[in-house]
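Worksheet for the structure shown next.
Letters A, B and C mark the chains in the order given here, with residues in each chain numbered from 1 onward.
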Amino acid sequence: MVVRPRGLVVFIARRIVLSVGVLFGVIFITFFISRVAIPNPARVWAGPRASPAAIAALTARFHLADPIYVQFYYYLVDLLHGDWGVSPSSGQPVFTSIATYLPATVELTIAAIILTTLIGIPLGVFAATNKDGVVDHLCRVVSLSGVASPPFLAALLLQLIFFYFLKLFPDSGGRLSISVAPPTTITGLYTVDSIITGDLPAFVSALQHLVLPSFALAFLILGLMSRLVRASMLEALTSDYVRTLKAKGLSRRLIIYKHALRNSMTQPVTALSIYVAYTLGGSVVIESIFSWPGVGRYAAQAAQVFDLPAVMGTTIVFTLGVVFANLAADILLAVIDPRIRLR
Amino acid sequence: MGVSIDRREITVILTILRRDRLSIFGIAVAAAFIATSTAVVILGSKLVPYDPTQVNMMLAFQAPSFQHLFGTDNLGRDIFSRCVIAAPIDAQIGFSIVGISVLIGTVLGSFSGYIGGKVDETFMRITDVFISVPTLVLAVVVAVALGPGVEHVIEANLVGWWPVYARLARAGALSLKESQFIEAAKVAGISRHKIILKHVLPNNISPILVYATLDIGNAILYASVLSYLGLGAQPPQAEWGRMVYDGQVYLVNAWWISIIPGVVIFAVALAFNLLGDALRDAFDPRYRK
Amino acid sequence: MHPVLEVHDLSVVFETFEGRYSALNSIDVTINESEVMGLVGESGCGKSTLALAVMGLLPRPHAKVPSGSITFRGKNLLSYTEKEMEQVRGTDISMIFQEPLTSLDPLFTIGDQLSETIQIKLQRAGGNAGWNSGKVKAEVVNWMKRVGLADPESAIERYPHEFSGGMRQRVMIAMALAAEPQLMLADEPTSALDVTTQVQILRLVKSLVSQVRASVLFISHDLAVVAQIADRVAVMYAGIIVEEASVNEIFENPLHPYTQALLSSFPKEKSIKKSRLEIIRGSVPNLTHIPPGCPFHPRCQLMKEGCSMARPELREISPGHKIACDRP
């Protein structure tokens, strides 16, 4: 495989510029909603029983009396300085809270996507190579269930069955058992950190706690990935180049796993940002159920008490996540498909 | 891509739908859902065996049985009755979100696709922004900003929902732009607006309809998640997502309180998905032969 | 003359939504060692089906072989299992196709794809004794030179989409001949190329094939193309072979009405101003409704009553010249 650096760099640079534009748009929308969509935002933020002085203070602090573009300017300045407001419900600065909870969500999201890939790709491949067979129908069932399932249902059922009934996992809450100390923080991802520091008990405990919530999340996107793999695979298997490969006398295994599989990866990889979007959205519910101390749970708790700054901060972070996923997908695609990087 | 519907096509579609067992399940459940919702709106509590708001601690935590099909919750209320009573809320939210999104999105997307050029470019960038935010999170943030209430849930979801239909409509408009009868209409001097509304739009209807059917299931899912989080319908009004949340605490000893409403949501969402799938296959020209 | 491939009484039927149609109807064809056999006919007459049948690449659920045998090296290929056919493909019988633009895997370099063929050849010849990646690469570069690719050393690191149609077809030819098969099937390999490239490719195939000492079944709808490369020609119509002879015989002494009509419907070089282009009236029959008896009879100038009753057999009229017609 040959990679030409220059084309790749230009390609990535262009995508980054586009992503910044998208991010800007999202920030503007959230800003717009919080200021313009509701009349008298200061009164709403201060709470139902606030004094006129408190409301006046808020008005001054956020320049609510000024024209909208001035407000937006200060808003941007604040954002870039890491001032994302203070959450009325927790009393903590939003930025700090999110920074604290972020690694947990990152770990969970990555675990969910790895799981989805490990199960979804083989599922899609077997469904395509044994079309209308048992695996194909299983694939369809899984995908339909995943799409139609409310995120809390899978999570609750998993908890019920594996934790309460089968007693397969130690305790259901959090990222580690109570008796286990967290590993030294390097990345914030317990599994990675415990491997790096050689902390075996922490690794085992972290992994055990990771299993159920990442399964619950993976379930949401498993169907989509396997369906994309299946459809691409079916197309690849009837293509002209596969016909040539057969005429060359290549074994069926080589044709499927060396050639057709790689050619089938375009659509599933492009959908990476969709997986991340669904996973992050689902994490709001699933982290709450599993008491996973991540940004999702933070958002859920904030939403319950109508805490707007906290939820807005979450929106920005999650959008960043989707944007990164888009970039990652583009890079992956350029690695897989030479036609893209040589343009 | 654009296929217009006439009576003959409807017959063909119905024939195909009747053949597939799963799609029958989908139609049946979806129809039951709509019928129940309508019935509740008209008849109210008279429809159900028990008063959904009646608290009776003596009857609390009863497992599902013949007397209480879905069991009773922590306050002794019959869960089956509460589920039935709650149906219209999700029906209203689901159909409103999809219906309004289809309207807004299709019109905007058709115009953008047909007009093309800078307008189209800008429009695409705008939809890009909306699509980059996880829809659920966007709905949550808007719902939190707007405050509690069912209408706010609808509005909150609309923000993230319409871009998909805009894109679908735009794609259809792009492909129709070059077609013969559009050329004929232009030559005949029909104004651009009329062309878009009377010719482009109706011919793109089928893929949008198919997707919209699937989407009602999604909309109901989102509505239930938002009310699970405490936004939208407020207690004591019964709502499926809310019931799941309230029942979580009792998961170990009385799983039916939260699991059963969850399954109901799943069944309804699944029904619309199957229906949409079947419709998609029915519209696929390869199947018709 | 040793036959390499003997097709006897071969019939192939396709079951589709529109009905059952007969692509090949009791075909007899023989290809000898080091011989280029041209197979000519209009689109839809069944030529590609014959090639696919030999390779065992007929679309499985739809295609059925109700009768016939395909004998290669003394064995009937139709009785082979899929695994056995795999062993034959690429090294004993190879095939090149019409669409060079889509026939190569876009994600692998052409060097990778050619070395696949060479590695398969080595495996089947019994172990890769003494062959390392350096030797394989040298062989790959060698073949690239032989098919006329400029700067082979760097070409092998490039991807298919960086090459033109003609160059990709050269790569395909290299892949088809690198394992030195006994028989190469070429299904309209030049039809998608412009005329100048066509001539180059035909010359290349002709010279390589004689170096490697392979036989070729060269399929084309274009008689002019076949004339440049074939030793013998078989003319096909609606699933049957109507005439078979040496290339000179076909052009100088065509006996079947269809062959005559084909030849007269394109200008001969000498009388290009004087000859009128004669169009064969009628059109190729839909293969679900092949006319009874001789399939050509509705369009035939010489048709008489018996032609619609019995299908004429392919008979040798003069040494090496067979036709399927009851008229002359």
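Definition applied: a residue touches a chain if its C-beta (ideal position, glycine included) is under 8 Å from a C-beta of that chain, and two chains touch if they have at least 3 such contacts.
Quick caveat, the model's predicted, so the values are computed rather than measured.
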item	value
Chain-level touch network, classified as line, ring, star, complete or other	line
Highest-count interface - the chain pair sharing the most C-beta contacts	A-B
Geometric centre distance via CA averages, chain B-chain A, whole Å	24
Approximate Å spacing (C-alpha centroids) for the pair chain B, chain C	56
Between chain C and chain A, distance of the C-alpha-averaged centres to the nearest whole Å	53
Residue numbers on chain B that touch chain A, as the complex places them	125-126, 128-130, 132-138, 140-148, 159, 217-218, 221, 224-225, 228-231, 241, 244-245, 248, 251-252, 255, 258-259, 262-263, 265-266, 269-270, 273-274, 277
Contact set on chain A toward chain C in their complex	1-2, 239-241, 243-252, 259, 262-263, 336-339, 342
Touching residues (chain side chain C, partner chain A) in the complex	55, 57, 86-91, 94-95, 97, 99, 102-109, 116-117, 120, 157-159, 161-162, 172, 175
Interface residues, chain A side, partner chain B - complex	21-23, 25-26, 29-30, 33-34, 37-38, 44, 144-145, 147-153, 156-157, 159-160, 164, 273, 277-278, 280-282, 284-285, 289, 299-300, 302-304, 306-308, 311-312, 314-315, 318-319, 322-323, 326
